[in-house]
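Reviewing the structure listed below.
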């Protein structure tokens, strides 16, 4: 940062403008999708250098998780990618379950797939809304929100919360679906494929949209892998890497869906991939609903699933009490439930590969929780994607890689 | 497993331990030749670990020596095999070679590990703090870093920030009491100062 | 409705007839236009709202009808903040006024009705063109004086955009001038109605298209609202403005929009003439056409994304200007043939 | 064909016609303070302590399970022994709603369904103290909430669907609506 201040001072004092024109974009800026700060060096309107600065939403989730029990740490994962919190929960639970060697009942697995795909549609809808708004298509924004609202209503019906759902539990899910939810989901899957063309009419073939997105932020498949891009951003470059197919988890290997791949590697192909993924996710929900009918009445939580209330060890320092007068009762003994070991488990979250690396020392709380957030990697790839483009393009590029700062800063 | 055999063949002295945890293979290596090992894993045609899924560190305070482990989770998109490489880093000399020239994605991962654990990556192009403010002291994810402190102890910059907030307080509309210093006075003071 | 013609005929006092009449006319015109500007913002929010399946303003007054009044009152009450780092406070303060005055001045020459034009000058078309370029002068000054990087970029974009689209617009109007043989707007309307198609929009379809696109660009509206592109430049040139000065920019934008629509009505859509005479309301048809064009502006805004800066310039220089030139050639040929 | 499409701006016309059609469609918005969307049962809103219709008091037995499971550590309980009956009496039961993250773990682990997150979401305060609920306030929250509900009221977390009965404590197995 001192460099930047220096250059600005120098520019103010001198009449010569041989230094690049510096623009500080964010952390409060409508198009950075949160508190991302980009430090841009411009030559005219062309970007010479782009330096992303993050950390404005850093809440220390990894450190906090080390001091909570496994179940308690799950609610923190809601707050990572808060647009698709169900997917984060599922990823975390799967990682812990893999470490414990726990088998989840089939019904719970199907339900988890449904909420994951619902989260994917919700996330992609929000992405499309903001991406279109960034490029100036205002109406698409509200159409997407209209439909996303429906999904959030279903989430509310499922678990009582709309955004930070905390729905799965280690060993299963917290509540079973009832008939009302299933009916509503059937209605949604019936109606949703008719809604997608509405957005597409406004932008898909529109010449302005095509001009703004085609050939912008191009990245080759090889380069994208090297930069660590995952999810739709990688598949837009022609690499068929989808964890639902590559390393299947839950019941994805039984389901019939296509992995959306486009080959251009630009903003437009990433957009196409996501549009296709929404359709595929809708198909998956449909199939899962049919499968759900086959295992009606089965439990949704594993027999050996640990109780939610696993006694945890006394914290190293007393926690700050909510009230000046302290009065917590923390007396329990430590009971090992998760065996010693480590696991890296990644799921295909809406934004890309969401990996949890959990190290257990055999005690009631994790020794280390590391979250490999797709947004973190995608932001680190922004310089490579945006250099040499124009200022207006960086907006399109940020939109196209789909970032959430809660997940990036953790 | 093919990968382990190849690795053992190529770097027999470097490997300290191999094993499996939750169905995933890992290999613990010495830190000195970590760059060569990872370069081999990345470029060897039969292994082709092209996707560095994750790079992080673990602090084993009082549990293991050496204290730190830098963990590389590797995946090959073509062959679909997974390998975890762990390099041991001692507490007294927390340094390891950077791999950001092999995978560009490692750039920020390494910056984050430096930020959180204080492990220095040699040969990194731009090793600065990433998530924490640049004037932060201490490395938050080390196990001996307390979970909470008084705010002033945590971050030195806060004192300065509070002072600045106090200085700018007269600009707040609800604090403009007649007779007190207004913005213009503060401006003049600032100019003099 | 006051019968204007009768009133004017009875007014035979010298001052009233010459000086007072103009003043009276301009006051009426400015008053009515201001009301239109206010309710254009209301209509815009309402129409875009319904196009997006929501309601738009509906809290202040019945159906939100008093919303623009409330907005104006709010903006007037607000503190007039001048950031301490502006390059030149005088220019910073003057810029919105320049924009607004330039925008409003064009009203003087536009005939709303045969007998209602403040000054019926022979070079009316040139006056409008000159004034609309001047209005961007305010934008550029605002961008420069703000001493903010976003404003500066916005100002630069505005200057480049206005220069290139001004040419296209003027060239599009050349066809009309050739057909009408005059630059007096009243004459143009009369010539237009005398022409076989009654309106010039049919023979001058290319010219009309170019004119509309250029007009949208000239008034910085979507899809050409690059100087104030909210996603990249936050608000562009007026990012540092607040309160009443911010409102003046807004006003200037809508003034510009209304003036452009009026010009289009006069030059291409036959002005105040309609299929039949509406008794008592001589400018009924004028207003109807004007409202339709304003609706079109809003409609486009609700539908289209925004161009990129270089693409906008490309469109202006590579498509619109050649089209306008082509239009002139065709018009000339028709003229010669006829 | 594509030239024709380019000249006549077909795709832009299609977009324009879509927005024009939507101009006459029914708005989907809800006029919030006047009309409200019905909330799903089990919505995790403001906290309340269930007032037992028989005794008129709260049901809490002071087992501390909720205070332990709370990830945000926002529940404070103090108990004491009644000198005569030797029974445990809950002296203080307080929730800091500003710390709460509304995960609903407390109502899930409560063996007697004493704590509940009600379907009431319109609460705000001018100060932090107003959102620091003590026991009286929590019971009052319940009274305010229950009059708006159809009786008997049953929260889904009192006896979660799909969880085998043997995994639930006795109080939850026999949970009934109030």
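The first chain written gets the first letter, and so on, giving A, B, C and D; residue counts start at 1 in each chain.
Throughout what follows, a residue touches a chain if its C-beta (ideal position, glycine included) is under 8 Å from a C-beta of that chain, and two chains touch if they have at least 3 such contacts.
In this text the structure is predicted, and so the values were computed from the model without any measurement.
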Using C-alpha atoms only, the most centrally placed chain is A
Centroid of chain A to centroid of chain D, CA atoms only: how many Å? 25
Where the CA atoms of chain A average out and where those of chain B average out, how many Å apart are those spots? 21
Roughly how far is chain B from chain D, centre to centre by C-alpha average, rounded to an integer in Å? 39
Could you tell me the distance, in whole angstrom, between the mean C-alpha positions of chain A and chain C? 45
If a residue has to touch 2 or more other chains to count, which residues of chain C qualify? 51-54, 302-304
Multi-partner residues of chain A (each touching 2 or more other chains): 139, 146, 202, 206, 319
If you look at chain D, which of its residues touch at least two other chains? 12, 15, 18-19, 22, 28
Sort out which chains touch which and give me every pair. A-B, A-C, A-D, C-D
Which of the residues in chain C end up touching chain D in this complex? 47, 49-55, 58, 299-300, 302-304
Given the complex, residues on chain D that touch chain A span 6, 9, 11-12, 14-15, 18-19, 22, 28, 37, 39-44, 64-65, 67-69, 71, 73-74, 76-78, 92, 94, 96, 99, 101-105, 108-109, 117, 132, 156-157, 160-164, 167
With touch defined as at the start, can you tell me which chain C residues reach chain A in the complex? 48, 51-54, 149-150, 153, 222-223, 225-226, 229-234, 301-311
Interfacial residue positions of chain D with respect to chain C in the complex: 12, 15-16, 18-20, 22-29, 31
Once bound in the complex, which stretches of chain A touch chain D? 68, 71-73, 75-76, 78, 107, 139, 146, 149, 153, 156-157, 159-161, 164, 166, 173-178, 198, 201-202, 205-207, 298-301, 303, 305, 308-309, 311-312, 319, 321-323, 327-330, 332
